[in-house]
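Look at the two complexes coming up: subunit A is in both, with subunit B in one and subunit C in the other.
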Partner chain A sequence: MPTSASTHRPEDLLTRLRSANADADAKLKALREVKNQIIGNRTKKLSYIKLGAVPAVVSVIAATADDCSSVLVQSAAAIGSFACGFEAGVQAVLRAGAFPHLLRLLSNSNGKVVDAGARSLRMIYQSKLAPKYDFLQEKNMEFLLSLLNSENENVTGLGASIITHSCETSAEQNALCDAGVLKKLIGLLQGSLSQRDASLESIATVIKSNPEVVSKFVGPENGRALSAVTELTKDRYPRTRLLACMCLIVVRNTSPGCLQDLAIRTKLILILLELLDDPGQVGDEASFALSSLIAEKEDLQKLAFEGNAIDKLCNHLQKGSLQAKRFQGILLALADLCSKLENCRSRFLALQVMNSVIDALTHDSGEVRAAACICLRSVSRSVKNLSAGNFMNETVVIPLVQLLSDTSTSVQVAALGAISNIVVDFTTRKSIFMQCGGVKQLVQLSKSMDPTIRLNSVWGLRNLMFLADNRCKEGIFLELTASLLASLICDPEPSVQVQALGLVCNLVDGCINSVEYVFVEDSIILQAVGKQLQSTLKAEVGIQGMYVLSNVATGNEFHKEAVMHQLFPQAGNSTQPIIIKFLQSNDSRLRTAAVWTVLNLTFPGSLGAYGRFVKLCSAGILSQIKNMANDPCLDVKLRVRTVLGQSLTFDIIHPFLRRPATTWYNPLISVFPFRAVVWLARQMGTDDQVQKSRTMMQPTFLFLVF
Partner chain B sequence: MSLFCIVIRELEEIESMASSKKVITREEWERKLNDVKIRKEDMNKLVMNFLVTEGYVDAAEKFRMESGTEPDIDLATITDRMAVKKAVQCGNVEDAIEKVNDLNPEILDTNPQLFFHLQQQRLIELIRNGKVDEALEFAQEELAPRGEENQSFLEELEKTVALLAFEDFSNCPVGELLDISQRLKTASEVNAAILTSQSHEKDPKLPSLLKMLIWAQNQLDDKAAYPRINDLSTARLEDPAV
Partner chain C sequence: MPVRVVENSAPSQVSGANLGHTSPPACTLLSVGQAFSGTQNVSSVQKDEAWRVNVRIQGCDLDHGYLCGTMEALNVPMADTPVVTFWEGEIVDAKNYTFFTGKWEASPEDDIRHWTKFPSFSPLVGQVEADGGKSLDLSNYQYIFMRWKEQYFVNVGTDCGLTIAGFYYVCFSCNDGSINGFYYDPNSSPFQKLELKSTNEGRSGFSFSSYELQ
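After this line comes the complex of A and B, so read on.
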């Protein structure tokens, strides 16, 4: 048998290929052998590439006349195989300058040569590394149309691949549509199996995120094209079914008005769930398609839930030994399913697949690790389970904390997302997180140069600080330091500022000693808060900053006066105090925060309350508040009335103000169960889960009972 | 085909009627059969589809000349496909791989499972021929890297290599790998892949029509007594049992 090492040795084969005096037959034989060695065999492709086989083959094709069809066919096939599904191969092929030679083959008179050339070019165009095709040049568009109009199946396939690879901007989409390419592609849906698949993929590319082109696709001839694609979702070939589904998903995601029919949407979900069972590439991609269908769309998530999607996906997880791509896809689909609906999360947790997800946290592939974190983040949005402390245990927390030092940024960010939720713990188990070095890691990452990492790590710290006990707070603060916290408040990114301010809010919440934290190191933190409030243009920063002041204003006399100082930094200056601007804001959340601060500053019962009241009056703040007695926002209205009520006590009971503070204890206000309110708000669920659930994870206002 | 139409129509009719079993006489049944018009060309296409898919190239050529039915595929490609199939059936797997690659290099490059099964078959043939050293080298060089890429391939590889541990294959728990049926399985997998690459359905239409006929007859059995076809090779109508 010719398998013995000597004749198949790559080095010998290449010598034969390169030798100038070898006859055509010897070259042909060598080419064919190289081709047969590398097809289907990644390892061999790589070793041949390292030996410089690609330039050798390209120089053969370059030196071969048009009528030597067998040499042309064999060398084109070898080049195509190097480029097939293998990025290093595509790179080598492009670098060796194979492109123009393959293009030349398309005009050969021998059909087999044309086939071989078109196939190889198609392989190259299936890679991201292929050069971008400029559709906006007239000559290029003509060439593309000539490809699509060809009788040769491989050539039309090449045309479709070029579109799938290169069409990105809406200008290009419109140009393709205007040149009649879309119409041509729709025509190809009636063609052979490979033409159908290629054109489905191209159509999806041409219409994606372009409502104008979608309407040209859906509209004409009573939606003939759309029903043709819908019909193909029932095709006998799984790949065709998948591509047809993906095409419809693009239509739906681009123009939500299309595909209103509930039956089609349900069917799409069911087909995709069924395709998950395909053992090959189709099964791998089906979960990604499902994700793109349901992501951010609660109605579709509900439909998927009713279609038993959670059970089906979890079944695959339980089977174990999944390929990386499939594993990633399934985790991401589960993440999307559990992103909004509590019943999805409950079902997921009931199916006992957490172990698979935890295993995935230490998977070899970074994409799988990140997907596992994203899945955990979605599932841990379940307040019910968070409050039961169901995620705060070593098996989950230790691998997550380890991922904070992952080499991939996307894994780090994903791990931070999951951690941020999990540390919102209502039981007293935050120490588990601290014991495994989580705080140190978070603090380290909050100094990162990458703004996303900084944002997410501060977010994590903020949630960790939520309802933390005194020992916990002290531990975090020691690690974090006042100066780092002050610099985070003044971070160049407003989103980081917001999280840092939220962190301070949670830090000063609780017992009165906590308020002292903002006064250490010459009140460096409070100064930073004041500075941001004076200069910020972002409402979100203003809201968080005002709540910090509002919380500090619940402290003792000294604390309250410090807040006054931040509100009126330049005594005697005639410029309007910043709080007036906040009270007049269009954002009701900002108005609420500002009124709360005034409310706490003027809360009767403390000695300086009247003095502050007078100062606020003379700055025009009280009259502004009086104008807000009928604020459209109920929350604002309620607080405004409390402030006005308090001001009334100053007017009436002024002579008695020196009586002990407890006399003015107002049970209605002081035992205001703010935690219960936060709790209820969270239970009601929100549209934008990550953002809002986290925002609400912090107490936004606070009263101290004294 | 006409019979199938009738059975279905009869089913529908009875469905809407009373529950008692209806008796359909032979004359009645044949009259109904004659009423169904089926184009001769369609029947010819069905036959051609069968010949082409199953690879009877000479018969297809003759049938084309006699009936004027054009095959939906270049007949030359059938010869190539049959050569591949035959090579696998005879155990010349390397030869088969080269032939597939000449036919269309994409088939094995984009179908890792098929490629693995062909390589596995190659290994089986080496073991069958007692070339132990060569088999081991081949398994290490060619198959082990595929096993690294895919867990299920690794399992299959382990099973195949287990053959080497047995002197007497008849005692080997994985001995069925050496059966001729394993070759046939691999051969039909290649055949299907080539057909798919040619945008051709991998199964002929005729057998599925016959399956549908049997299904429909079974459905009708519950509801009526009618002239049934029991022997599909002669398609003779049996008298209804009353």
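After this line comes the complex of A and C, so read on.
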């Protein structure tokens, strides 16, 4: 005869749990029923949570005597089920105060009760919401060791889970190591499957980024522990293999000196690639583990490439209908693989998976969208493909530009990263990006309160401005405006200042008329550049700022004089000009930029060159440059020689730098027009001086010719 | 007081510990965005001919000994428009690349025959003959030696009647930004000379632009 459906209704079950009159047997049945209904069913879990089932179960466990083992076991199991893989469940369990009651079960005399309590607590410790365990309290450390010393594998597993969840600082890692926990965990590698897995995870947590602990793990007993973990990479269980690989990756990433053996590194890559085929969680996590192994390491990326990693990852992409986590992991692994090596990028592009990546840009999951952008960012580091205009097309650009208004900041930043590379485009297709509304969006984001967004959007604009044609420059400038550009140059973040200055450098490069951009609105941009140069403490800002001045100094007399004004803002001020500090910098790039500025200011053929030369001499700048004739940086030394070679032409009328002409002759300057020297002398004074200059000029001139 | 400029006329040899770990000097005149113009002599037995050539540097990665850019040939007889090609360069740095090409149908003898055409190569020839120049420290040498290999046509099809089968032996002067090169293709006229000068595009000085990949 069928039983009445009403007895299984959630409301009825909860009534029975809450009833003070219900006997233990009735409660036991109700607990079992609740547990069975919610196992593996998130919807059911949520509906029971909404009905208040968790506090009801916790009140049963709280009110049950220690000897009523069946009810305790079922209550603990039900609580564990609510918490298993479900954050809302963990939250409800913790809010209902289940934690101390579950801990109480661990000291129960009945092994089954202890087991159920430990299982349930492990479920909770798999969540980020679980309370942090304070290892630095002696009592807690003792308790943890007691868990790890238990005969019950769920209890030792709980100990390991607590470590994996709570150990974060190096002080905690050291304390665990000193208390013998690491040794205990190594011992557990010989235990059951569950103990091995839990131990591998915990060991990785205890040694991560702590070379001192790694040496204690790797060193003793001729690396017995390391050998044991290495052996587990061949285990028959995929999860164990994955965890063993992850443990070795932590060792390698923490102490690069370890695992130098090429065979082990190659093996790690091959195992992880094989684990990608696992249809479950192991397959999902394998790509993340591969990423952590190869990220920023060109040698390992090369090994992975040789192991056919690009093809294998792309095969998974081509299969389609991937779960979000797996999709994200594969895209990120491809991004790491293509981050440094051109042959990886070429292979990736040859495999025709760009469509899958472009599809991922509009995926429901923000994490997948961001991963797709990061993948595109890596692949678009290929100058060869940028030059061919392979990324600057509407299929790629439109979804990327749309992501600039994504609700997630991390997606926006990732999209900006990809865009920054793609807009470098050396063809005449920059207009495609503008037609898609990209410039408008970048300019809008450059006003963001978030410094990362601001930095990346200005970065994108700077790269877009690189070798842009006049129309493109005009379009960007109209959208950006001189005042916004000036404020970005003076941004509180030095990294934004650097990109804004780089943008201005590109703006004034190219067609000579472009120099005029920095003079609009009362030279607001040039003033901002000068102001930053006077106040900055960052070499990068100085370098970019000096290149702006250097580029402007390639213009006409007015432009060059405006640069002089920025270098000497206060006439008659006795303070040392900032350019001297730059010329004396330890950073050769800054010295180079500063010398280029002087070189352009005194470039032969410009009418005011002599006046500027005199001023630079008077300010001690030419003396400083003379002192740099043997600069350790070849680039600086050669530019210094050019400047000194240029100064030869003024030497005859300004005795300041008189010296043998042979010393600084440099072919970069062609023969300085003799007539110009005479003209300069004429600017200086009387006809007598002109005559004198003619006479004095002869040997120098002749030498320059030959 | 005048200061004597110390001339580094010849590169030194690196010590054993640093063997193969020197880079050529970073030179602003060989940075991205820089443009060069000049000619390539394509004369044959039949007639004297030179094409005007423009070059633009698009990418530079000294760590990997990599340089790339475009080359535009202006008055090519069989083409209606200027022909633009994309090339990739191998910088001879004794770390990533040596003076010996080892590919593109170039034997060590071909290599030496071409490199010795550059006067700035003469101080190196002995060492290069001995070990391909692996033990040379070129990090402070005023000349950068490269091979430029055209990879594809940018604006015309492969059926344009032109070939990019060969490659250039290139010598760049950090001093004045001049570039000399010799085209090598066993099937083309030997020693076609490429001569380029750094251009400042109508400016009174040298201007720079840059991008930064993320």
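Here is the rule we use: the second predicted complex is superposed on the first by the 644 of 706 C-alpha atoms of A that agree within 3 Å, B and C clash if a C-alpha of one lies under 4 Å from a C-alpha of the other, contacts with A are read in each partner's own complex, and residues count from 1 in each chain.
Here is the rule we go by: a residue touches a chain if its C-beta (ideal position, glycine included) is under 8 Å from a C-beta of that chain, and two chains touch if they have at least 3 such contacts.
The structure presented is a predicted model; accordingly, all values stated were derived computationally and were not measured.
The superposed arrangement places subunit B and subunit C next to each other on subunit A without a clash.
Using the contact criterion defined above for the overlaid structures, shared-chain residue A:G89 touches neither subunit B nor subunit C, since it reaches no partner. Looking at the superposition, the partner that touches the larger set of subunit A residues, subunit B or subunit C, turns out to be C.
Using the contact criterion defined above for the overlaid structures, shared-chain residue A:N36 touches subunit B, although it does not reach subunit C. Judged by the touch definition given at the top, the superposed model places A:Q323 against subunit B, while subunit C stays out of reach. With both structures placed on the common chain, the touch criterion links A:S192 to subunit B but leaves subunit C unconnected. Applying the stated contact rule after C-alpha superposition, one finds that A:G157 touches neither subunit B nor subunit C. By the touch criterion stated above, A:T554 is placed in contact with subunit C alone, subunit B being left untouched.
In the superposition on chain A, A:L634 makes contact with subunit C only, while subunit B stays out of contact range. Aligning both complexes on chain A leaves subunit B and subunit C separated at their closest CA atoms by 35 Å. By the touch rule above, subunit A contacts subunit B in their complex via residues 1-3, 32, 35-36, 39-43, 77, 80-81, 84-85, 119, 123, 153, 192-195, 236-237, 279-280, 321, 323.
Subunit C makes touch with subunit A in their complex at residues 2-6, 8, 25-28, 32-33, 56, 58-59, 66, 68, 70, 86, 88, 140, 142, 151-152, 154, 174-178, 200-214. For subunit B in complex with subunit A, the touching residues are 94, 97-98, 101, 104-106, 108-113, 115, 131, 134, 138, 142, 145, 149-152, 196-197, 199, 201.
Listing the residues of subunit A that touch subunit C in their complex gives 342, 377, 380-381, 383-384, 386-388, 417, 420-421, 424, 426-427, 456, 459, 462-463, 466-467, 502, 505-506, 508-512, 547, 550-551, 553-556, 560, 592, 596, 599-601, 603, 605-606, 626-627, 629-630, 633-635, 637-639, 641, 659-660, 663-664, 666-668.
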